[in-house]
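Heads up, there are several structures right after this.
Here chain A shows up in two complexes: once beside chain B, once beside chain C.
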Partner chain A sequence: MNKKLIVITSIVVFSFILAVYTNLTESLGPLGLDTRFLGKLYVYFTNHEDLRLSTASLEPVTAIVWDFRGLDTLYETTVFAMAIIAIYSLFRIDSLEEKGSLNSSFTIIPRLVTKILLPINIAIASTIAFHGSISPGGGFQAGSILAVVGVLFVVIFSYYALNAKSINPHRTLLFMSLGLIAIVVVTLIPLAFDVFFDNAYLIQNQPKLDSAFGYPKRVGGLVFGGSIGLFNIFEFIAVSFGFLTAFALLSIPEHVFKEKLRGEESLE
Partner chain B sequence: MNSEYVVFILSLLVILTAIINLIGVLGFYRFKNFYLRLHAATVSTIGGAFYPLLVLSIIAFIEKEHYIGVSLLLSAFLILLLSPTGTHALARATYRKRIAIPEPLIGDKIKEEEASS
Partner chain C sequence: MNNELLDNVLLTYVFYVLVATIGISLYGVIFKPHLTKKIISITIFSDSINLLAIFIGYKLYSIPPELKGMSNINEVLNRTVDPLPQALVLTAIVIGLAVTLFLIFISLQLFRLHGTLDLRKIKELRE
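Up next is the complex of A and B:
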């Protein structure tokens, strides 16, 4: 029998047994039919009418992810950015001097359909990002959907066609960094408010008992969710351009690497 | 005319598309080679996904659920656009790489055009 198969099967079986064991022995806390107190609090205060207790977002998942444990998501975003920067530094290519063919090997049918689909894809991604505080979704999901645009473009046309549209890894990394900086600025604005005006806390969203600072709950009648809406938009920018950076770097032809990174041709 | 009867007839059409889906799946498993299976897959995507979405959107408009109706229409439009495109790209790539033998073959237009040019 295949050795790999045995290893994979034993890992899966072991984790299943572990999960069943922890559930049966209740090692992670008692299992009950009632909703736990903390869970009730989360749902209750997601869209409470008293703004001092609420997150001002209609969507509990986004509210929990961004506001109840905002630091956690901040670190997740940081890890993502670190990964993208690591890829960028591994694939250290200054510029792509070579101009490859812009001709697609596909017929007119896939090319035309892709051209029709790209605006639809962008529209869907932005809708999911801007509706993050109303309906399920949010910045990360929207960014992942938008990054598909780049992959489609590379597959249907070519990497050089993407480059000809002046989308290159350097520029996308710049936009990702701008999105990340904007997230950090949103978390730091309350501190600036604290220094110059009144009492406020780091990553504060809505007014608290002893602090008047608050991001706008609604923008033009639409539920915006205060800092959650801003976070969603900037996370959308950061994630979409981060993924675009990774995809653009990965789709650089291999022979270009061989010349530039490993210096194989100069050795010969 | 009573709208309930219309909805009932339309629901029967949705069940009919489910049968088309079943036929497509059977064809996908029973046909011998790649091109025939591709044909069966297209039967179940157009007959089993595009038509029911269209019928369901009509039902949604009759029931005055306009938001759902428009969403269904959009999904149907996307499937109508994407399914033939994918099939075309797959079939073309397979033909050019000569991975599968087209059989039974009635005529080969691509070969004729290549021979004439």
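Up next is the complex of A and C:
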């Protein structure tokens, strides 16, 4: 009890001193008054007239995420994929053969509402992904919205209903891997250009001062953002199927795992 | 003048509240014996730090960092919030989510093996 009291007191005192110190010395800058110079630079160069300095996008946040600090985001995607693969190996199930039907113990109201909501949800997610370089949003946000479809489906129907639609963890992990491979390919295309044609750099988006390589700025009259648009689409695929893998694994009925654990014990 | 003072007081208040939330969630991570509560505390911890980062980039009476439909870049530069904390927080959210998912799956496995998530009971069972 005494130890607990000491720790609580030290946390309270430490956070209070930290808050007062940062507030009085303004070491975080004046709160809420002005945008920092670095932030203004990012906004200024997001859609600069000179293509060699621009990211060809209309959304500074997406431009920072996939162009200015693109390597950061690549590693972030790697961390996410590693977590999903770790979960998959932890919950490995060999046979998921049981086929189910769309029967549900719920009344017609939640079932019908779910069926209406599913296409709307998919449409919204796709819009957010494809418009990621124009308006706020992007691949990750769209992927999380699409993953909600899977959760809703499992809650209203069942895991077996998901299985009846041929969606199982093995398959969703495959699609996630395809999305990740596509991201790697988009990253490596400039390097291939460098080897065979002219100077180019890793994760290059628009032409630079000493490099002519550039992804298309517009597709069909719509601002696409070069590699940013491609990254958004592939990240959308990777994240949505990554989440679906996790949720599908979470929704596998408990008795399947119980049997598996019992089987391992009897083997010993 | 009065309006400015009120703004300043409110901003400072939000800042102190965020720091206090971080402290409380740290307490939860250290002292709550149940794994679920520890995971909830960790998410509150990371979320309040993310909110603090967004708050540092915030500007009063501002617009979101968006160039669509804006013809004058100087107007955007004068009124926009800082986009950098938002981009960094986006990265932090994804990684935090990956970590939380992994923690949840490990706790689920632990529950299947021991039948409880109370760390005191698990410690007793292991002895």
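In the analysis below, the second predicted complex is superposed on the first by the 219 of 268 C-alpha atoms of A that agree within 3 Å, B and C clash if a C-alpha of one lies under 4 Å from a C-alpha of the other, contacts with A are read in each partner's own complex, and residues count from 1 in each chain.
As a convention for this text, a contact is a pair of C-beta atoms (placed from the backbone, for glycine too) under 8 Å apart; a residue touches a chain by one contact, two chains touch by 3 or more.
In this text, all values refer to a predicted model and were calculated from it rather than measured experimentally.
Within the superposed three-chain model, A:40 lies in touch with chain C and out of touch with chain B [touch as defined at top]. Of the two partner chains placed by the overlay, neither chain B nor chain C lies in contact with A:5. Residue contacts after overlaying the shared chain place A:116 against chain B, while chain C stays out of touching range. Using the contact criterion defined above for the overlaid structures, shared-chain residue A:79 touches chain C, although it does not reach chain B.
Greater residue coverage of chain A by touch, when chain B is weighed against chain C, goes to C. In the superposition on chain A, A:19 makes contact with chain C only, not with chain B.
In the superposition on chain A, no contact is made by A:108 with either chain B or chain C. On the side of chain A, the complex with chain B involves touching residues 106-107, 109-110, 113, 116-117, 120. Of all residues in chain A, those touching chain C in their complex are 4, 7-8, 11-12, 14-16, 18-19, 22-23, 28-29, 31-36, 38-40, 42-44, 46-47, 58-61, 64-65, 69, 72-73, 76-77, 79-80, 82-84, 86-87, 90-91, 134-136, 138, 140, 246, 249-250, 254, 257-258, 261. Residues 7-8, 11-12, 15-16, 19-20, 22-23, 26-27, 30-31, 55-60, 62, 64-68, 73, 76-77, 80-84, 86-87, 90-91, 94-95, 97-99, 101-102, 104-106, 108-109, 112-113 of chain C are the ones touching chain A in the complex. By the touch rule above, chain B contacts chain A in their complex via residues 78, 81-82, 84-85, 88-89, 92.
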